[in-house]
Amino acid sequence: MIWLDTIAQGILLGGLYALFATGLSLVFGIMRLVNLAHGDLIVLAAYLILLVVTLLGLSPWLAVLVAAPVMFGLGWMLQRWVLNRVLGPDILPPLLVTFGLSIALQNALLEGFSADSRRIPNPALEGASVAVGPLNLGVMPLLTFGSAVAVILVLNRIIYATPLGRAFRATSDDPVTAGLMGIDPRRIFALATGLAMVVVTIAALYLGTRANFDPAIGPARLIYAFQAVIIGGLGSLWGTLIGGVILGVAQTTGAALNPEWQILAGHIAFLAVLLIRPRGLFPRAND
Amino acid sequence: MLLQTCGLHAGYDRFKALFGVDIAVEPGECVAIIGANGAGKSTLMRAISGVLRSAPDMVLHRGVPIGHLPAPQVMQRGIAMVPEGRRLFPSLSVEENLLIGAQMRRGTGPWALESVYELFPILRERRASPGTALSGGQQQMVAIGRALMSNPDLLLCDEISLGLAPVVIRDIYAALPRIRATGAAVVVVEQDITQALTVADRVYCLMEGRVTLTGRPGDLSRAAIHDAYFGGHA
Amino acid sequence: MTPTHWRMTTLTRAGLVTGGLALALIVLGLVLPAFASRKLIQDLFYILTMLTLAQLWNLLAGYGGLVSVGQQAFVGIGAYALFGGVILAGMDPLLALLLGGLAALVLAVPMAFFAFRLHGAYFAIGTWVMAEVARLSIAQWKALGGGTGTSLPRDATSGMKVLDWIGALFGVRAAAARDILAYWLALMLAVAVIGGIYWLLRNRLGLGLIAVRDNIEAARSVGVDVRRMKWAVFLLASAATGVTGALIFLQTARISPDAAFALTDWTAYVIFIVVIGGIGTIEGPILGVLVFFALRSLLADYGSWYLLTLGVIAIVVMLFAPRGLWGLISDRTGVQLFPVRRWLHGPGVGEETSR
């Protein structure tokens, strides 16, 4: 029974990792850009929600509605003014720019909010749980997983059934020809990064309400997001969810054996997948 | 004058391909650009469509300087391109490939999904297939249809017969009169001189980045074309 | 014209000047402890080790196209191997430096095996994950203090004969003599690494590397074995990084997994040094480390502002001068201190080359 519980917790944790990973996956899919500051942007969004909650006295759920447009704008500007200038055949410039951004963001947050760990207050649901059969599952973990599924459903709908998504896919295929169709790739990239930042805000809500956070935890979130993406296979959002679940289950299982092994177990699961299926479990056909 | 290039210079980083090219296209006209491999035909198309930038007044569209505009803005002014090698979007179905042509500019004119399917009926059958699953000729039809979807007043066709069987080329060129009947001007880049002379109202011959011959097909002698194409021998 | 009238050289006047200057600098460096303060020696130790790490990262990323964000793995494993060798096996610390290099080489094999399965940007995060795995695994090694770390026993380092000799030579105490020894080792290591990289770049491997960096398909088509080349560069850089890591922690004499495997100290700083100085050149990291150290001295009291500034500078450099400070200087003046470009000297203008 302990094991069943461990696995259930792991699956739900995977929802959180999938939320971390979805933005990363979206941006990579459209512009082949890996944003090394992705984890720090999640932490930034968590502070932003915290700020809105404390300053405006809103509930965290409403605070997300305030924070999401701000993060969208931030992502849009970041892409338009910084990242678009370094995108190209050479992968080095965007990597180094986002790495610089990661270090700068961490230290800006440290300066602004100190190294103390914080938490987004969520008195209504903190610690609440429901009984599902023999299991007792936390309401917040369940909501996290549900949100991950909802986010992926909405994103897939946008990507595969709207003109914007069509432009995303066309630009991802061939930016020059997309330009001949009247689509400005730089604008599409800015919109995609903005959209990814909205997902990042949702991820930050759960990051910040479920556990403590501080300015230094961004890089680890980037690593979990990255592992979920690679395990799932590049280019498939559902694959990313499954990648997150595998990572989550590996971590909770490791932690059940020895609390010190939680993170290590996740890394080992990742390496095992990389060993057996270098392209991930559900790779996109043409890439 | 619908389109005019004035002393157009263009090229790539270290390699210039066009040296002062002057061409002109009247509304509704069909102009063919001929020339050997490397004469600068595709560079000319890329410079007009905005893929390559030049000085503003080296390219005029309805008298407005557009040489400096990027491709998306050129397209929105009503110049659509069928790029060399077709360049369909592999992630998009045939129908989505067509729809994306009209996404940023619908324009006023007859072209929409329905009329493109009437022009190329086979595409209706294959509408749900990925664009790249089609035969070369069918892909070329999608590429032409995609460009028409924006109802351009100028259609640029870059090497649309390249790599296709003669019978397929005939089918594709058979669509040209119906496209022209809607009032759009067409520029075709062709290596096949006979084909070009058949369809065009006027012909420009390029060699080594310069216009070496221009005129109506009926007025041009075979020898003159030969000289303009391969270089005159003293 | 016969081809014998053509000769290929990489010599430039600046290159010759560099050679003489470098030799003078090395000699000066060796005798420096006779009149320099202990603080200066310690600062120079730091500068030299950071320079070495930067040159090695530059070899990977700037020449090999391998953007590793996991170099802390090799610093850490090298340092831990030294501590393990000295504490658990009673090895001589100087010999244990080489053990550090060996351990890094051994770690590099599985790391390359996994990371090379990831392409481009994902390679970067892959190396980072591997470094994390190494850190977490080492933290389980209870004999070396687990997560809290351990110190080198005093007698293990001060018992070295060479320290008595240095002490007598300069008339200093054991602690200062240890600093001098570490500084000399750092100097020799830096010279060896820079010299080695320069030599490498001027030889077949270097030509192949530059070919791969500029155009991987073309390089393949003229017979460059890209995979083997990447392996060779990765293993070489890893081993040398391991020795450097061992030396750094020999000097501090205290180790913990978080310090030895620190992303900021051993990879972030190193990346900033290379980016600011100029990636893909040997001169760049040298210039970069000086700028880095000046900034550090200037901003040391401002804590996180220091790193914030470094991050922003790196972004600005990549946006507006992607070839770094050295790129700016080199473009203006045409100076090359470490010429790796090949110059073709022919018999005259207008002559046709014979086939």
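As written, the chains take the letters A, B and C, and residue 1 is the first residue of each chain.
We take it that a residue touches a chain if its C-beta (ideal position, glycine included) is under 8 Å from a C-beta of that chain, and two chains touch if they have at least 3 such contacts.
All values reported here derive from a predicted model rather than from experimental measurement.
The most distant chain from chain B, with centres taken as the mean of CA atoms, is C. Taking the mean of each chain's C-alpha atoms, the chain whose centre lies closest to the overall C-alpha mean is A. Averaging C-alpha coordinates per chain places the centre of chain B 54 Å away from that of chain C. A separation of 34 Å divides the Cα centre of chain A from that of chain C.
Per-chain Cα centroids separate chain A from chain B by 44 Å. Multi-chain contact residues, meaning those touching two or more other chains, do not occur anywhere in chain C. Those residues of chain C whose C-beta lies close enough to touch chain A in the complex are 61, 65, 67, 69, 114, 117-118, 120-122, 124-126, 128-129, 132-133, 136-137, 139-140, 147, 263-264, 268, 271-272, 275, 279, 303-308, 310-315, 318-319, 322. Partner chain B is touched in their complex by these residues of chain A: 163, 166-167, 169-170, 172-174, 176-184, 286.
Residues 49-51, 70-72, 75-76, 80-81, 83, 87, 89-92, 96, 99-101, 103-105, 146, 150 of chain B touch chain A in their complex. On the side of chain A, the complex with chain C involves touching residues 28, 32-34, 36, 82, 85-86, 91-97, 99-108, 110-111, 219, 222-223, 226-227, 230, 260, 263-264, 267-268, 270-271, 274-275, 278.
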